[in-house]
Structures are given as C-alpha cells and as structure tokens.
Amino acid sequence: MRRRSRWSPFEILFWLAALLPFILFPTYLPLASQIAIAALFAISVDLILGYAGIVTLGHAMFFGLGAYFAGVISVRGWGEPISGLLMAGLFAGVIGYIVSFLITRVQHLALIMVTLGLGFLTYELANALPWLTGGTDGLRGIRTWPIFGQFKFDLWGYTGYAYALAVLFLCFLLSRRLVNSSFGLALRGIRENVKRMPAIGADHKGHLRLIYAISASIAGLAGALMAQTTNTVALDSLSFERSADVVVMLILGGTGRLYGAILGTIIFLVARDQLAGINPQYWYFGIGILLMVVVLFMPKGILGFLARIVERRK
Amino acid sequence: MAEPDIVLRAEALRKNFGKLEVTRDVALALPRGARHALIGPNGAGKTTLINLLTGQLKPDAGRIELEGGDITSLAPAHRVRRGLSRTFQINTLFPDLTPIEAVTLAVMERERTAGQFWKRLAAHGDAIEESFTILSQLGLADVATRTTRTLPYGQQRLLEIALALATRPRVLLLDEPAAGVPKDESAALFSVISALPSDISVLFIEHDMDIVFKFATRIIVLVGGGVLLEADPETVRSDPRVREVYLGHGHG
Amino acid sequence: MISQIVIVLFDGFAFGMLLFLLSVGLSVTLGMMNFINLAHGAFGMFGGYVAVTVMRQLGLPFLAALPLAFIAMALLSILIERTLFRRLYKAGELNQVLFTIGVVFVAAAAATFTFGTVQQVIILPDWLRGSAEIGGVRFGIYRAFIILVALIITALLVFGLERTRLGAQIRAAVDNQRMAQGLGLDVERVFAITFALGCGLAGLGGALAVEIVGLSPSFGFQMLVYVLIVVSVGGLGSISGSFAGAALLGIGDVAGKYFWPEIGSFLIYLLLVAILLVRPLGLFGKR
Amino acid sequence: QETLKIGVILPYSGPFADAANQLQAGIDLYIAEHGDEVAGRKIELIKRDTGGPAPDVARRLAQELVVRDNVDILAGFALTPEALGAAEIATEAQKLMVVMNAATSVVTEQSPYIVRTSVTIPQLNYAFGTWAYEQGIREAYTLVADYGPGIDAETSFAKGFTEAGGTIVGADRTPVANPDFSAYVQRVADADPEAVYIFVPGGAQPAAIGKALVDRGLAPPDIKVLGQGELTHPEALESMGETARGIITTFHYTLERDDPLNKAYVDGYTAANNGREPDLFSIGGYDGMHLIYEAVKATNGDTSGDALVEAAKGMAWDSPRGPMSIDPETRDVIQTVYIREIQEVDGELQNVIVHEIPNVKDPLHGAAQ
Amino acid sequence: MAEPLLEFRDVRSGYGEAVVLDGISFALPANGSLALLGRNGVGKTTLLLTAMGFVSVARGSIHWRGQDISRLAPHKRARLGLGWVAQERDIFPSLSVEENLTVIARPGRWNLTAIYALFPRLADRRANMGNQLSGGEQQMLAIARTLMTNPSVLLLDEPFEGLAPIIVEELTGAVRQMAADEGIALVLVEQHAEVALRLTQDAIILERGMIAHRAKSADLLRDNATLERYLGLKLGA
C-alpha cells in the first residue's frame, strides 16, 4: 500500500519532458496547451470512470459550464485569470454536486444515458440563452488579463502553455493524492463491487457524490483554462462530441491510471494533428484504425501495454 | 422466565415475492453471545430472512430491533454501523483488491475516515494494523497482499468473514459460510467462528448437519417461510417433522 | 381540435416508429447480446447508401432496395463479426466502445471516399408520396408506410426472438457462453446470426430513414444518440420495450413540440432523463 | 521568389464537411483558372481541419499557421464561431483574414483585418421582408432553426416585413438537429397564415420541411412559402420533386442565373468536380480567392495585413453571382440580392429569378454603432 | 467386448503452460459409473472440463464410442451425449426457470413433466428468473437442465453442494434409478466420498493430477486406510 504513493523516476522524467516544448518545439505551444487542457479534462473523467466506475457521456457539461463561467465573468468585466479559474471550478463543482444526486440513483446504461441527457440539456440551455452565452455564435469579447498582472497571453502561446501546464500539474498532484488516499481505496472498492459496500457499512453514495463533485470541478477548471487561454467559448465546449472524445482519449490511454488519461490525450491529439496535417479530409480514417488496433492488441490501453512491457523486463 | 439479553429481535416479519410468501410472521430473538444455526429446506427463505434482517430487502410487515433500537427502515450501511454484519452465500468480495486493502477499507468505513481524500492511505497506520490483526486471526496473514481473485476458494470464504469482522459487529449473520469449502477445511472454519469473542452473537445457515450439530447451541428450523421449531440440537435431531421435511433418514 | 390531436398522435407515432426502425437492430445486438455496438449507425448509413445506389445505378424499385439493404448489411456484418467483433465479446464494455467508435471513424472515411460528402436523395415511388385525406385529416402516406413496416418488424421479432427458443438461446449464450456450449449450443453460430440480424435491421432502418433524415457520411454519428435513447428507454433485451419506448418518445416529442414549442429542443432529453430516473431499467427492461 | 502562403481553416471533417469541401472546390477552381502565381509570387495553400464548430481549435490553428508556417493570409472560415475564435489572431499577427462563408453580421467587426466575401443573413432577409410586403403579403408566420443564423434570419426578415407594414402572426423555432417537423408544421397549419417564412440549415432539413408542409396541404398557391436559398438547393429540390413548385427564396447566388460569367463558372466547376454543381459555399471560396489575387496584385506582392486590407476596401468586381464589392467602411460584402421562385423550365423545376435588389449592404452594421 | 462409452487414453491437459492432469487413462462402459475423488485442487474439475473440451488435450486422446473426440468443439460433444453439470451451477440469470430447462433441451425421456416430478420445487418456481432462485434451487436447476439434454453420460461436479439432506437423499435415489432403468452412465465428482462411492461401481482417486488409486467403489468404501491416506477422511466417524 505504501508503494503506490512514491514517485517513480518515470514520473519525474515525464513532467520534465512536459517542459520540453518551451525549448524544443516553441511553434507547437498552442497545441501543447490544448493537450494540457484536454488532459486535465481527461483526468477529471478518469476519476469517476476509471476509479469509481461511473461511465459518462456527458462530462462536457462541466467543462462547458466552467468555460462559460470564466468567459462570462470576463465579458462582464472581470478578466483576472486565477480568481476566475477558481470561481469557475467552484461553480462547476457545485453544479456537479447537485447533479450527483441524480447520477447516484442510476447504474449501467441508464447512468450513461442520464449523463448524456443532462449534457444535451445543458447544451440546449446554453443555446436558449443567447443574451448570456452568445448562442451558436459563441461568447464574444472575452479578454483575459495578464497573469499576476505581468504575463500577457502571447501569440506564440508561451504564457498559455505555462499557465495550462501549471494548473494541470497542480490538479494532477491533487488527483494523485486522492487516488492514493483512503478515499481512493473506497472508490476502488465501489468499482470492484458496489453491492458489497453497504455491507461493510460504507456510505458509497456519499463517496460517489463527493468524487463526482470533485471531478466536475476539475472539468470546470479545464473548461475555464480553455476559455482563458483562447478567449473563446462556444457551444461546442458543451457538446456531446467533446464528452465522447474525452472518453475515447481516456480509454485509449488506459482507464484507472492518471497517466493513462494524459498519455491517451497526447497520443490522440498529436495523432490527430499530424494526420489532419497530412490530409485534412480523411484523417479520422487513421484515428479509427488506431483505436481498433489499440483495442485488439492493447486491451488495457496504451499505458497498460507499456506497464506490461516494463514489468516483463524486470 | 428471565429474559436473556437479546441483541437482535425480529417480530412478525413478512415478505412476499408476488404471490410467493417467502417469509411469514417470523419472530426471532438472538441473545448475546449466541451460536445459533438456521436450517431448513432449499427455498425455505433462510437467505431472504438474512436479507430482511440486514436491510438488503424491505419487509412487507414486521419490526426489527437491534440492541433495543428499531432498525426496520434503516439502510443496510447504517445497520452495519450499528453492529449488524453479514456474509454472503455466494462470495461477494472485491476481486482486484488485496485482502489487506479490503479489510482496511472496511475498518476505515467504520471509523468514518474513508472519505479523507487529502490524506495518504499509508497515513492511516492504525487501520492497517487493525486489519492485519483481523486477517491473522483468520489465518489469512500470509496471503494478505495477494489479489483476492487468485486466492483459493476456502480462503475467500474466510475473507468474507474477515470483512464482516472489520465492521466490529455485535451480531454476525453467516449465510452458508462453508459452502464450497472442503469438508476438512470447513470444520476449521467453524472452529474460528465459534472462537469469536463471546460478546458477538452469531447466526449461521448451513446444510451440513455434522457441522450444525457440532457447532450450534440452538437451532432454528425454517420451513416454507415460517419458523417450524426453535430448540437445542438434540430436540431438533429427533423431531419427526424436521426429519420429514429436511433431514431425511441419513442423520440418526 | 380532435383532428389536431389525431394528427399529432399519428405524426408522433410515425416519428417514433422511424426511431424504432433505426434502433431495433441495436436492441438486438446491445440488448440481447450485450455487445456495445456504437457502429450501429454506421451500418444504418451503409444500408442507406446501398438503397440509394441500387435505385440510382441499377434502377431497382424502392421496395426491392429495402430487403437488399438488409441483406447487404447482414452479410457485411457476418464478415466483420467473424474477423473482428468476435474477439471483443469478452473484452469489456469500454473496449467495445473504443473499438466500435474506431469502426465509425473508418466507416465515415470510407463513405466520404466512395460517395462524397453530398446529401444523398432517395426518390420515392409516386404511391408513397404525398398524403391521403381521411375524415378531414391528412395523413402522410410515407409515414403510414413507416408505421406499417415497424409493426411488421415488431411482430416478426417478438414472435421470432422473444417467443421462440432462438431468443432464449441468445440470452443463454450471452449469460454464460461456456455453460451454453457445454449443453450443446453452437454459440458462435448463434452470435453470428444475431449479429447479422441486428446489423441487417440497421441497414433496413437506414434505408427507410433516408427519405426523412437524409444521408451523408456523418449519419452514423448523428443517429447514434437517438438510437441509444430509444434502446435505454425501452429497456435492454426487449423488442417490445424498444417499440413502446420509441412510440412514447415519438409521441411525447411531437406532442410536446406542438403544445410547447418553446421547449422543443429539450423535450427528448427531458423525457429520457425523467423516464430513466423513474425506471432505471427502462420501460420493459429486465436487466 | 517567395511563395505566398495562405492558411485555409475549414471544418473538412465532421457534420460540416460538405460545406468545407464545396468551399475548397471554389478556391481550387479559381486557382486552376487563374494560375497559381500572382504578382510574381507562387500561391501555396495550407489546409487545416477544425472538425466541426470548434472555435478554440480554429484559433489554435490560426496561431500555428502564423507562428509556425508563417502564412501571409488566413482564409476559409465556414462557421461563425470559428471566425470569431480566429479574429483575435488576425489582429495580433496583423494578417489579412478572408472570411469566405461565416454569415453573422458581427464577424467583420471583430478585427480590422477581416474581409468577407460571402454574405450576411440580414443582408438577404431584411430586403426580402420588405419585398414580401410589396408583393401584397400582409401576414406571415416564421419558422426558423433555433440557432444563431436562424434567429438572425427570423429577426431581419421580421424587421423588413414589419417595418414595411406587415404583421408576424406567429413565430416558432425548431431544434437545430431536428429530424421531424410535423408538430411545427401543424402549428403553422392551425394558424393558417397568408405566408410562411422558413429558415433551416442545409443538408436534409429543407426537403424534410418541404415535404412536411405539403403533407399538411401548406403549398403554393394556397399559402406562400418563403425562405432563404438553402431551402431549395439542388438535392432538396430533387427530393421534394413536384411539391417544391412555387417556393420563393432569397439568395445571393443562383446556379441557373443566365449570365456568361456564371455559365463558364458552373461549367468549369462541374467539370472539375464529377458533375457536382457549385453552391453558396463554392462561390464564397471562389470570390475570396479573387479578392486575395486582386489585393496582392494591387499591393504588388506586399502581403502585410494593413496593405492588403487597404487594397481590399472598396474593391469591386463582377462575380459569377453578379456585381459585388467590399464596403470600405465595414469590409463586408455588398452585392445583389436575388429573389427566386421555383418554376418549371424545360420540364425541370429550378430557381428562377423573379426580382433583383442591387447593392445591398448588411443592414445591421449601422445599427450596431 | 463392446466399445467403451467414454475413454481417456493417457491424457495430459492444463491451463496454458501449467500441466494440471497427466497420464490419465480410464474407460467408462455404456452403463458404468465412476467416482472421481481427491482433495481440493487436484484437478477433478479440470478432468471434466477436459472431457467437455473446455480444456484442451496436450497429449493422449479422448474417445467417445471409439471415435476420437479430442479436438471436437464442446457443443458437439454435448450433442454426442455428454451431459455436464458445472461446479458453479452457472444458471442463466436472464432466463426463467422454465427457459433454463428448455433452451437447449433435446428430445428423450427427460422432459418438463419428468423433471417437475423429480423436482417439484422447480415446478413451483418455473416463472422465476434464474437469478431469483435460492442457492439450493439453483443447484437443482443445474442438474435438471442437463437432464433435459437427455445425455448418455452425466458428468456431475459436486452436485450435492448446498442441498438439504433430504434432497440429497432423493437425488441420489434418482441417479441410481437412472442408471438402472435407462443405462445412463455417470462420472461423479464429490467431496463426500461415502455418498459418491455408494452411487458408483468404480472409483478413481486423483492426486497431483495423476491417478493414484483405482478400485471398485464397494471395495474402496471398506478400505478405510486408503481413503484416509488420499482424502484425509475417516468414514463413519
């Protein structure tokens, strides 16, 4: 039990490598920050899907709520990024907590479909309130102030990536601690056998509500990051496609491992960027093949596959 | 007659599945420190009765009391916290957790520390200690860090009991704890059960009469959803009705 | 007022039946086989393309194109099931999700490559066009046709799957493949047949839907959500559930839009969430 | 000699792939016809896919095109949110940004470097509303898709119509992804208006709503059916068949418009695209390229954003769609609005121009200030 | 001599690399009956799984009425007449009791009427879903379901687990009668050696995947020393 929480050399290497884009590929910084944001979103889904077994097809709901919250306060005159970010995360978390009362009532397909339905309802709600959200055209006039009043968001994306990476790292630390805590163990218990939980006196619904709210909050942070680093928010931030994509990235990397969420995001978005660069029209053919190959040959996701190789070497 | 110290009491419990009356007007009183057996034909409603007592099922009528308090409409988890624990007829474990993890989880749920997401698991040293003690007590210390799904069946049955013990029960309901365990091992398992602290009351279901007669101090016979007889082993063994519907002619 | 209610009910039922036809195949593969086939819409899409192509290129009549769409997709699915999908039955649901989404991507690319991105059009025979007036109410003829087809399919399936041994055998094979084999059931064959049936129905549904919802390479994605809604509301493993669920959703949606057009776009999702919160297993669900 | 790099940002995949393809085909046709060299510089297109309405992706792509690929010009932009997302980059990088489709009024206001060569929805519908009143229509019901463009269409048509003196007797909005119109059409039938105005996105919906109307007996001549041009695009016409007869639409481009320039364009386009005919997206891309070519010629190869925008302001030319120009103040397109009616010509139903309103500006730009 | 019904010839089998059974040979005549005894984990279940084809034969061969079936798919073996009752019962939860019985039934002496006469409890519960049965009822259903395929040989893996003593009594009676009346052959895996030996003619004791002892059941029943050595049991205690 102790083993799990120690930092391995791989992890340290990984986070150092995350700094490389600053020096080696500065022209890829915008992509890198988009990946960091998506990875944060994927981590939020991993917390509920990978660790608590809540499959969701509607998590963009919280991503979008966070994004709109940060965007709207900026449009209304408060463009300070860090406080905006925190408020957006809090907002998404509160909504997440409220929604969790519905979520914990259902399981399996019904659960997936309720998350999907709530996601669509939120999307339609945003569409129905153009005075607040800008409707289909998206929110106009977001201006994010420099971070600490010092660092302007620049065209190259230095500030954007640094900001996104810092938030990702902090949330990762929090999530890592969470999954290695007693609460993380309780979540694994729920995933392994919900039916047994009440019989050991566990308030598993309470656990589920808590993790759902935390996850929603992190998703909201990711959304707010997107709003702040790109100054754009539109309905797509709430869309079913975004909900589905994040699940795809997560499974691709491997669920139930935080690095799986990050790795899956990197592979998916880089593959997509490269394939689309080669052929903007048919890139998803390549993505489709990638997904199929991963399932056939790496049933535990790419990270699970790598972990097995490392284990064999030992 | 002086009323013994009753820990768990059920009155006029009733449960129907559609037209089928699975539990009819069952009354039950389990004294402190009891080692009672619950026997009866297949489908008599034994598992159902345990499900009612522990809250997995809601009774259609009747009342359940634990240590004098009404728990009839309490959720299962709350009953467990009040000291009413059970094991399952078919293993209901956490296949990918290790025994030490599973038992620690149960301990922390009891201590209400399982929700502390900011604290490292390793920092809950007391809970880990305690669960290791429980596992040792059941002879599971050696396999404490193996994945549950790879354990032999008999040890999984023991883990069922370990999980129940981790909740610090005052009443323990065991549903065929030795099912699927080879004969020589099942006797060992029951020795462990009967050696539990004397303030824990135990009610177990079992079809192996050698074991029942050896370990039970009192036997409740359930037939067709109702209590046919509650008596000491000798009386039950020689009761013609029990022979007729349950024992057959093999056990004389 | 009466005539308005009649027509709203009729239109809603017809819309529901369209949803039913699109999703009934999935309630076979997902509901009965427990196989999460998100590529269901992709089979529907190719079914649509088959119908469009045989009518355009070969000049076959609509009524001949429908069974051809069914057969073509059934055959295609047997090929795919034998080579790919069969490896996934035990792979866990998330892997099924990922794999079949991969299939959707590949299918969409293949369709774009072969047929282009343009909207495809089906030219219905004259006798299916327009509307007929009965008692002062005008009923769309194609809508009536959809209802008819849906009723026939439901009858065939309920009779063929829920009332016969085949249906029980499918469920047995899904519940416990090893035990079913041990009793003498040719599980592979049962699965192949079921899969072919599900995908054939997807193809048929796709072909029938072109006239109303159109057809382009993104059909597979667009239909997925509706199809999942119907299956979950109906309840897994129940054809009659899907039928009832689809009818309820269709009527609810159309009636809702008619009486409260302001919340038109929320309706189907509100219904979905409300029904599932009250009946998590769906209307007729057993599992 | 340096190449002239144009970064094209479009949703090449996803639900709007067809629009992107048609727009791209327009671009390609122009280059094919006019050579890939202008003012001594070789044209290089760098295409980037957004995959759907995805403003953050569009913005990132624009950013990358600027910093990594060093493009001189940003172009494409089929969808309004994507154009809005990238606008800031055009401003910061000081690059000309040619919007070849996105049709919300505000787009050009987002950056002084944006020029639009397509159309705006108010441009088409405000004038249309006025015209409808002039035709003697006094009462209309509006039925539009419930999203930005639909709402723009509803407001501007209603504005033109009511300002002229007409009355809107009912207004419904249909969900954007709406497979079934029966409920809404029944509401229109209940109201029994003189005319119904319809705006739905292209694709499958025009035919669906057209047929739903006819099923309820809501067809010309009993009721006037008005709409924006997408309603009667070629595939929709084919699917609706006879039932389309008499539908009146407003548009900036008409395939069948009898004009030598247009004829050459249509022939060239169909030849290059397997018989597929050009549509509104194609013409936006085609004219967008025209603007780029002419601007670069005018600046003699200077590709700084300021120089190109200056050159674009006030530019006027004859397009296959008809005469058009760029408003020097708003950098938006000024063009002829055509009112067309579905009529039978040589045994085939097609859009026949019944009225032309020349030099129409977007009516909202003034209002916003 | 007539062809044996089921014959193992020097069979080796196991899971992946792990060899669980080795050098297993026996022949079961057309109306013979065989008790398979041995401690936990010696490979009794594996032997039945090998007979059914769920565990593949690494060496040696399996014959059915003289025909080599070592490579035959499990469902084909079942159709030849092997009737297997799994240790874990494996009821189909989403089928009703009656569907469980009829889903893969084959015609013969055992039909619903006969089954319901043998297990009246199942008749009462016929409309219940498989997972709504009590543990013992599931065990009855598992046996009944296999009988419905009218097999020529029954392979029973600890069939009496979780059954009330009186049911065990009835069931053993029924099994004995089947053997006598219909000549159904029997392979019985059982923890309770006494019960098993009383029901069968021949017995095999497995140890570490090999056959450690063969005897007539009646003789073994009296051979306390052997039983105690291999099974750790004292009968009649």
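Think of it as A, B, C, D and E in the order they're written, each chain with its own count starting at 1.
One rule holds for everything that comes next: a residue touches a chain if its C-beta (ideal position, glycine included) is under 8 Å from a C-beta of that chain, and two chains touch if they have at least 3 such contacts.
Because the structure is a prediction, the values reported are computed rather than measured.
Participant: Going by the contact rule set out at the top, which chains touch both subunit D and subunit E?
Facilitator: The common neighbours are C.
Participant: For the chain pairs C-E and A-C, which is connected through the larger number of C-beta pairs in contact?
Facilitator: A-C
Participant: Measuring centre to centre, with centres taken as mean CA positions, what chain is farthest from subunit B?
Facilitator: It is D.
Participant: Please tell me the distance, in whole Å, between the geometric centres of subunit A and subunit E computed from their C-alpha atoms.
Facilitator: Using C-alpha averages as centres, the distance is 53 Å.
Participant: Distance-wise, how many Å sit between the C-alpha centres of subunit A and subunit B, to the nearest whole number?
Facilitator: One centre to the other, that is 43 Å.
Participant: Taking each chain's centre as its mean C-alpha position, how far apart are subunit B and subunit E in Å?
Facilitator: Chain centres of subunit B and subunit E, defined by C-alpha means, are spaced 31 Å apart.
Participant: Please report how many Å separate the Cα centroid of subunit C from that of subunit D, as a whole number.
Facilitator: 35
Participant: Quick check on subunit A: which residues sit in contact with 2+ other chains?
Facilitator: In subunit A, 124, 127-128, 281-282, 284 touch at least two other chains.
Participant: Could you check subunit C for residues that touch two or more other chains and list them?
Facilitator: In subunit C, 112, 265 touch at least two other chains.
Participant: Give me the residues of subunit E that touch two or more other chains.
Facilitator: none
Participant: Which pairs of chains touch each other in this structure?
Facilitator: The list of touching pairs comes to A-B, A-C, A-D, B-E, C-D, C-E.
Participant: Applying the document's contact rule, which stretches of subunit C touch subunit D when the two form their complex?
Facilitator: 4, 7-8, 11-12, 14-15, 18, 112, 116-123, 129-131, 138, 140, 143, 211-218, 221-222, 226, 253-258, 261, 264-265
Participant: What does subunit C use to touch subunit E in their complex?
Facilitator: Those residues of subunit C that touch subunit E are 165, 168-169, 171-172, 174-176, 178-187, 237, 286-287.
Participant: In the complex formed with subunit E, which residues of subunit B make contact?
Facilitator: The contact residues of subunit B facing subunit E are 17, 20, 40-44, 46-47, 89-90, 152-154, 176, 179-180, 182-185, 207, 209, 245-251.
Participant: Give the list of subunit D residues in touch with subunit A in this complex.
Facilitator: Residue positions touching the partner: 10, 12-14, 17, 21, 47-49, 51-57, 59-60, 63-64, 66-68, 80-81, 84-85, 88-89, 92-93, 104, 106, 110, 146-149, 151, 175-176.
Participant: Which subunit C residues qualify as touching subunit A in the complex?
Facilitator: Result: residues 84, 87-88, 91-95, 97-99, 101-110, 112-113, 225, 228-229, 231-233, 236, 265-266, 269-270, 272-273, 276-277, 280-282 of subunit C touch subunit A.
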